[in-house]
C-alpha cells in the first residue's frame, strides 16, 4: 500500500529517483559510509587535505579571482567575454567591457555557456564504431585512420564535406583554405540553423559590392520592427538592447525613442514596443508598401503599384488596426526621416527586405548604418540547395568523408532533404562534438571536441574588430578543438601549441601590419590577448546607389489560407546546441514564462474557436508533415497564426535535456513556405491529449475579471506616458500615503546598500537571471519542481498583462530580495537565521537556517527560495551532483543543501571582498566599485547599485527620482530596491 | 458563596455504590483486552505506520515530497499542527474552566478529555518539529547556551509556539497526573498483581487519601485550574499569532485569537464527544458519562460553532469595512476562488451542521450527534486549511501565485497523526482509569455529608 | 519490592542517578571539548617539515611562505616551488628533501593534512586580520616553537565572536583597533 | 507481636456524615496527631479538623513572580547584551513580542513549582513505606469507606481511650496498626555495590553517548552537509582531476587581466635599460620595501645585504649587495634579477608582487647608501 502511494505520485520520472540505490546515489552512500568510518576511527575529525601548487604561476593568488579576456563562439556574433577564473578554473563568463560591439555584456546563452563545459556527460575521448558498437579510442588511432581516409578520398576524387557553423574567424578561414589546398576535394558547408538567408540576398539585390551593415540603433528616434525580435533573438541582440535602451531614459526625454512593432507573435520587442500592430506575416509587405506609397508617393511609383490599394485607412481596416496609430507611425517616420530605422525580420520574405531597404534609403536612414564596421563574411553560408546537393551526393556515394564540426545537421536540416538517410552511405561520417547529438548518433567516428573555454581562436565578425580567444583551462578531458584537429590532419601530426602558433603567425602577417607599429609584434600580441580585442580603424564604406531593379519583383500577395505557422530560433537554447544546459532550460521564456518546453503560441480567440485551452496538445500539419505540440494561449497574437520556437525536442541528448520540448523542425521543408520559417496553409487540430506546460508565473487570462489588472490596482506596476510625465512629473507619487510607525527606525550610519531598477530600460530578457544563477551557484530544479513553484532563481522577471487579450499592454518587473529596512521575514524567523546587517542588508545565514519557511510566507515579494530537495541530487538522477560541477561552483558562495532558505544577497560576497580588500590595503572603502552580477549582466543598464548614504551614488539619485517607487509601499517594509516607473512613449496621457 | 448542589439533578445515574464505581472504572485495567481492542489497535498502528513510512521518506529525500511550494510554504504540516492543537483544547477547558465554573457534569469526562489533550498536544507537537527542512537541527529552536553564542528570536511566533506548546503540554500533564494520583492509589490498593502494585506505588507516590493531603490537594487543583484556564486560551491565541502577526492578508487579523480559541474548543469538544460515544458504550460507562453530559457538550458546540460562524461573517465585514482591497480580495478569493470548495466544506461543516443541535432530539441522539461531531472535525480541519493555504496561494504579487496540491505523503502523514493519536488513546483506555474515580465518587449521590448535619461546608 | 527500598530508590537513588548522569554529561562535554574543537590536533604530514627549525631557529618570516596572508582570505600553504627556492641547493642529502624534490619534479599533488579548518560556510579572511596587525600567534599559537604543527585555539563561532567583541580590550597593544563586526554576513554568506 | 511498635489506632466509618462528625469530635477531644482518610475529598472535613486555608498559594506567587522576572530578564539580556541583532527594523527589546514568552514561563514555573512544593514539602512524597499502606484500613478508605486514625505519638494517646473514643463515634473495624518490622529495620546504604555498579554503567553509557553525539554524530551527515560543500576551495584536493590538484595551471601563453608577461625574459641588459622604478623614494615606500626585504631577501642576503646571513652554510653565500657592481646596476637590472633569478637565486616573481619588488629595490638602494655613505649624505 505504501509502495503504491509512492509510485503513484503522479510524476512518472520520479520512479527512477525513488529507487533507493540508483547509480549515483549508491556512490554517494559509499562516500558517506567511508566518511562515517573515517570519522568513527580517528579521534580528531579529518579536516581534509591541502594541496598547494607545485609551481605557482605568478598571476594566480589562490582565493583571488583572475580575469581573462576571450571570445565566445556560441553564435556568429563572437562577443568579447571576460572569463572569471579561480585558481585556474573558469567560474563565470561576462562580457568584455573593452569589446566595442558588446561592451561588457553577453546574452543568456553566453552566460550559461560555462555549464556546457562542466557538463559531466561531455565527450571525453574519441570514439569509433566497431562491430556496431561505440568503443573508446585514442586520438592517435583516429588521426591515422582519418588522415588515410582523407588521402584516399582525394585520390578517389570523392568529396570531403566539412560542416561547421558560420565562420567568423580569420585564422580558421585561412586554415580552411589550407585544408582545401591539401585535400582538394574538400567542400565546406558553414551554416546557421533556423535562420533564412533572405536579408543577405535582399541586401545583395539592393546594393552592389558593399557588405551588410548593422544599424546604429542608439541614433534612432523611431524604430519600426517588422516581425523582427530585435531585442530578443534577432541579430546581435545584446548590442541592440544596449543601443536601443540607451535612448529610453526618463532623464533625457527629448531623445526618448519610440518603438513600433508589427508582428504576429508576441516577441520581446513587441512586449516593449510603444505601439504594437498585430499583423500576420503576409501583411508585412503591405505595411511597408503602404508606408512607401503614403510617405513617398513619387518614388513609390517605381514600384508600379495601384496606389489606391495602399492607403492607411484601407490597410488599417483590412487588418483591424487603429488607423490613428498607423498615422502616428507615418507622421513619426516623416518627422524623423534620417533618424529612424525600419527593420524587417530575418524570417520575412526577401521582397519585404528589399522594400524595407528602399524605405530606409528614401527616409535617409542609411546614415544610421554602422558603415565603420560592416559584417564580415569569410565563406558564404551554405544554402538549403547546397545541402540538398550534398545529400544527393552522399546518397550516390560521391562523398567520401563527412566531417561535422560541432554542428547538428541531422537535427537542423528539413527532413525532406534526407540527410540522415544519406549519412549511412558515407564511409567516414566524422563528428567532432562536445556532447553527443543526433548527427553523432549516425556517425562512425566521434571526436571529443573542446569547449571554447579550452580553446584558442580569433574572431572578427565586424570589420576591424579583431578579438582573441584564449583558453582558461587546459582541456578537462582528452579533447581537441576543431581548428587544431584540422591543422593536425594537414600537418600529419598533432601538437598542442600548433594552433596557437598558427593564429599568432597569421596575426603577424594579417593583423599586425594593419596597425601602426608602435611596438613589436610580441607586445602587440600580448596587448591584444590581454585586452581580448584590437580595433583597427576601417575605411568608411561608401554607399553605392540603390539598385532599383530589385524593386521590380515586389508585388506579391501571399496566400493566407488556414493557419500560418511562424518558426523562430529558441531564445534560450539557440539552435539546440544548449539543449542540455539546465540553466537555460529553466530560464523562463521572457514572454510566456514557460520553462523546459516549447509550444505553439496561439491567440486566445483562435483557441476559443478551436476549443483549445492552455496545455492542450494539438497536431499541426503542414502538407504531410505532422507534429504534436502543446498550445499556449498568448495574448497579443495575431489570429490564425501560431508561433513555435525551434531548437527543442532533441532526442539524442544527455539526461537533463531529454524530453524537453518538441522537435517542431520536423514541420520545415526544404522548399519552405512563405519563407523557410513561415508556412501558411497549416492545419491545427486538437490532438485530444493534455500536456503539462510549466510556467513560473500563473497564467491568468485577461478576461478573468477578478484578477484583471491587479498589478495596477495594487500599484505593483506604476507607469505613465511621457506626456503625462512632462505635464505632471510627480504623477506616480500622487497616491503615496504617509507611512507612520510607532518605532524609531534604525539608523545606518556607514554604507547602506541599495539598488535601483529602471523599468523604462528593462526589457525582461532574463539575462540577469542567468548571470545570477552562475554567480550564486543557483541550482537547477527541473520541470516537475518548477511546476510546483519551486524554481530557485534569486531574481525573477514578473511579466504582467493589462489591456485586452488582443492588444495587451505588457509590463516587466525584475524582482529580487528587496532588502527591506523593516523586513517582515526577520521578525518571524525563530532561529535568527535572517536579520539585518549594519550596512542595511537583510542577511540570510544558511548554516543557521532550519527551514521553517515562515520567512517566505511572510515575504510580500515572495523572493525567498527554499531548497525543498537537494536539487542537485534530485535532478536527473544526480546529474548535477557529479564531480565536474564542483569545479563550476563559485567558491565564495555557499552551495546550499536541502532544507535551507535562500535568497538574493545583493552579491554580498562581492561587497565583502571589496570591503576586505580595502581594509587589507588600507584604502578608503566607499563601495563605488561594487557591481552585482545582475547589474554586470544587464545589457540595458537598467540596474544600478551602490551606497545610498553616499549622495553622489547613482542609487541615491535614483531614489530621489520623481519616478522612483518601491514595491508595495503601503506595507511600510521600506525596501532598498527602488523601481523607476516605466515611461511609454505614446502620444497620449493615458496608457490604454 | 454557597450553592445548594442538592437541587441539581444527579450527575451519576442509577446511584451506584462507591465500590461499584471502583470496579466499573478499574475493570478495563483488570481484565484482558478482547479481540476488538486488538483489532482497533492494529488499525490505528497501521495508520501510524503509514505516517511513519511517509515521514521516513520525507526525511530521506527532503520535504519536497510534500505539496508545499513557493508561495505556499506551509501546507498540511501546519494545518495538522493547528488542528491537533485545537483538538487539545477541549480537555483543559473541561477540566479547568468548567472546574472553575463548578460544572459538576465535567467530572465524568474530564480525565478522558485531559488524556485526549495530552495526546493531541503530543501529536501536534510533532508537526513543528518535522515541518522544518532540517529536522536534525530542531535544537536551534530551543534557547540554550551554545558555542555559536546565538539564541533564538524571541519576536518570532514560532518561538512563542515552542514555549506555549511545551508549557501547555507540561502543565496539562501535571494537571492530569495530579488528578491521577488518588486513582492510582485506589488501583494500588485493589490490585493483587505484584508488578502492577509496584508500578502503581511508584506513581501514586504513597498517597493515603489523607484529608490533611486532600486539603492542599484541592488548593493546588484550584491553582492549577486557575493557571490552566488562561494558558489554554493563550495557547491557541499564540498559535493564531503565527498567522495574525504576519503581514499576509487573510492572516494579518486581530480577530484571530478569539476566533481560534472558539474554533479549538469547538473541534475539541467534537472530538471528545466522538470518542466518548465509543468509550461509554464499550466500557459500560453510560451511567457515569450520561446522555445529559453529551447533550451539554453539544450545547457548547453549538455556542462555539456559532462564534466561529460569527467570525467568518466578521472577517468579510471587516474586509469590506476596512476598505483594504487586498483584504477584500483574499476573502472573495476564499469564497469564490480556486479553493472555494474547501471554503464551502468549512462553512457547511462548521456553521450549518451544528445548527441542527438546536433540536433537542438531535442533540440527544447518539448517531446524529456523532455524525455532526465528525462533520465539525472535518470542517475545522478545513478551516485551518483554508486559512493557511488560500491566503498563501494568492497573496500580494499576482506573479508569484500558485496552486497548492497535497501529495500522498501529506495525506499519509495526516493519517499517521490520527494513527498516533488514537493508538495512544486506545492504550490509555487500557492502562489508566479513563474516568476520575475520586471525582466521580465525590459527586455521586450520597457521597457528601447532608448539609444540615455538618453545618455549612467549606469551600 | 520492599516499600522502604522503593521509597529509598525514589527519594535518594533516583536523584543521585539523575545527578550523576548530568555530571557525567557535563564532564564528558568539557573533557571532549578540545578534541571536538580540534585543539591538539597534530596530524602527521607527508613531509616532516619543522616550523621550529624554519620559523624558530632560522627566523624565516611567516610571510616568506604564507604569501597570501596579506592578500586575501587564505594564508596559503607555500607551493612546492617555494621550498625549492632553498632546497634545490640546501640539504639535498636529507631523505625528506629528496621526497620533496621528487614531488616537485613529478608534479604530483603534495597532500598536506589540514590542521586548522573552518566549515565551508565560514568565510574567514586572513588579510583583514593581518592588516590590523593581529599577530599570527593569537590564533595559531607559537608556531615557531612547534616541531609538528598542532591546533592551539578553538575556531568555533563563539571564540571568533568573543574576540571580535572585545578586540580593543584583548589587544591593548594594537593602537586604533576597533571591535570586529559581529553581524552574520561578516563571516557567513 | 510484642516487639511491634504501635503506629496508630484506626477506625472505619460508613457514611460521610459520620466521618465528618468523627473528625470534629476527635479534634474537639484535643488530639493533634490524627488524620481522616476518605476516598475522595468530603466537604466540611478540613473545617471539622480545624484546618485553615492552605498556604500553597504563596509559593505559587513566589514562583510566578520569579517566572516573570526570569523570562523578562533572560530575554532582555539576550537581545540587548549577549547578541543584539536588528530584527525587522524593530528595537532590540520591544516589550509586546516578549509578553507571550513571559506569560508562558510564568505559568510553567508557578504550576510546576506549586505541584513540586506540595508533593515534596507538604506531603513528603514519595512515601510508600507509610505503615498504613497495605492494611485493610487502607484498602477500605481507598474504596468506599471513611476512616479516622489517631497516632501513637500523640501526646494524649492512650490505646484504650482512643479505641473507646472511636467506638463511641460509631466506628466499625477498629484496628491497631503497627510499624512493619522489616520496613523499620531496613537501613538501605547509599552506595551498595549493586547500585554503584549501576551508577558506573549509567556513567559509562552517558559519557559514551554524550561523546558519540558531540564529537562524532555532529560531524557526520547530515550535520556536516554544508561544512563540506560541493565546490573546490583554494588549495583543496580535487577528485575530478587525475593529478588531484584542485588548483589548475593556466594554459601556457594565456594572459590574465593585469598580468602582462615580463617582456625582457632572457635580456637583462634591455631590462636594465628600459625599466624605471615607478615608486618614489618616500618613507612609506621604503618602509614597505624594508618589510618585504626582511621577509624575502634577508634569509640569504642578511638584514643589511652583506650576504652573510643567518642561514649561512646551507648554500654558497650570495655576494654582498654593497659591491661596486651591484651599486652600479640600474634599478631595472635588479628588478630583472628578482623577477627572473640569477645563478642559485630563484625567481621571486610568484612570491613578491610587482609593486613590492620595486619597493625592495628602493630599500636596497637605501641600504647601499647607508653602508657607503657619501660625505654629503652625512649632512
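Descriptive notes on the structure:
For reference, chains read A, B, C and D in written order, and residue numbers begin at 1 within each chain.
The rule is simple: contacts are C-beta pairs under 8 Å (C-beta built on N, C-alpha and C of every residue); 3 or more make two chains touch, one makes a residue touch a chain.
This one's a predicted model, so the numbers in the text were calculated from it and none came from an experiment.
In terms of C-beta pairs in contact, C-D outnumbers the other of C-D and B-C.
When every chain is reduced to the mean of its CA atoms, the largest separation from chain C belongs to B. Separating the CA-averaged centres of chain C and chain D is a span of 20 Å. Chain B and chain C have Cα centroids separated by 53 Å. Centre-to-centre separation of chain A and chain B, using mean CA positions: 57 Å. Note on chain placement: the centre of chain A and the centre of chain C lie 47 Å apart, centres being C-alpha means. Each of residues 3, 6-7, 10, 35, 67, 73-74, 76-77, 79, 81-82, 107-109, 111, 119-121, 183 in chain C touches at least two other chains.
Of all residues in chain B, those touching 2 or more other chains are 134, 137, 148-151, 153, 155, 159, 201-202, 205-206, listed in ascending order.
Within chain D, the positions touching two or more other chains are listed as 83, 85, 87-88, 90, 94, 97, 126-129, 133, 215, 222, 226, 228-229, 231, 233-235, 237, 244-245, 350. Those residues of chain C lying in contact with chain D across their complex are 2-8, 10-13, 16-17, 20-21, 24-25, 27-29, 32, 35-36, 58-61, 63-64, 67, 73-74, 76-77, 79, 81-82, 84-86, 88-91, 107-109, 111, 119-121, 182-183.
Those residues of chain A that touch chain D in the shared complex are 32, 35-36, 39-40, 45, 48-60, 62-63, 66-69, 82, 85-89, 454, 456, 470-474, 476, 497, 500, 522-523, 526-527, 529-530, 743-746, 777, 820-827, 832, 835-836, 846-847, 872, 881, 883-887, 889-891, 894-898, 900, 974.
Against chain A, the residues of chain B that register as touching in their complex are 50, 53-54, 57, 60-65, 67-74, 131-135, 137-138, 140-141, 148, 150-153, 155-159, 162, 242, 245-248, 325-326, 329, 332-333, 336-337, 392, 395-403, 407-409, 412.
Residues of chain B that touch chain C in their complex: 146-150, 198, 201-202, 205-206. Residues 35, 38, 40-41, 43, 67-68, 70-74, 76-82, 103-104, 107-117, 119-121, 123, 125, 127-128, 130-132, 181, 183-186, 188-189 of chain C are the ones touching chain A in the complex.
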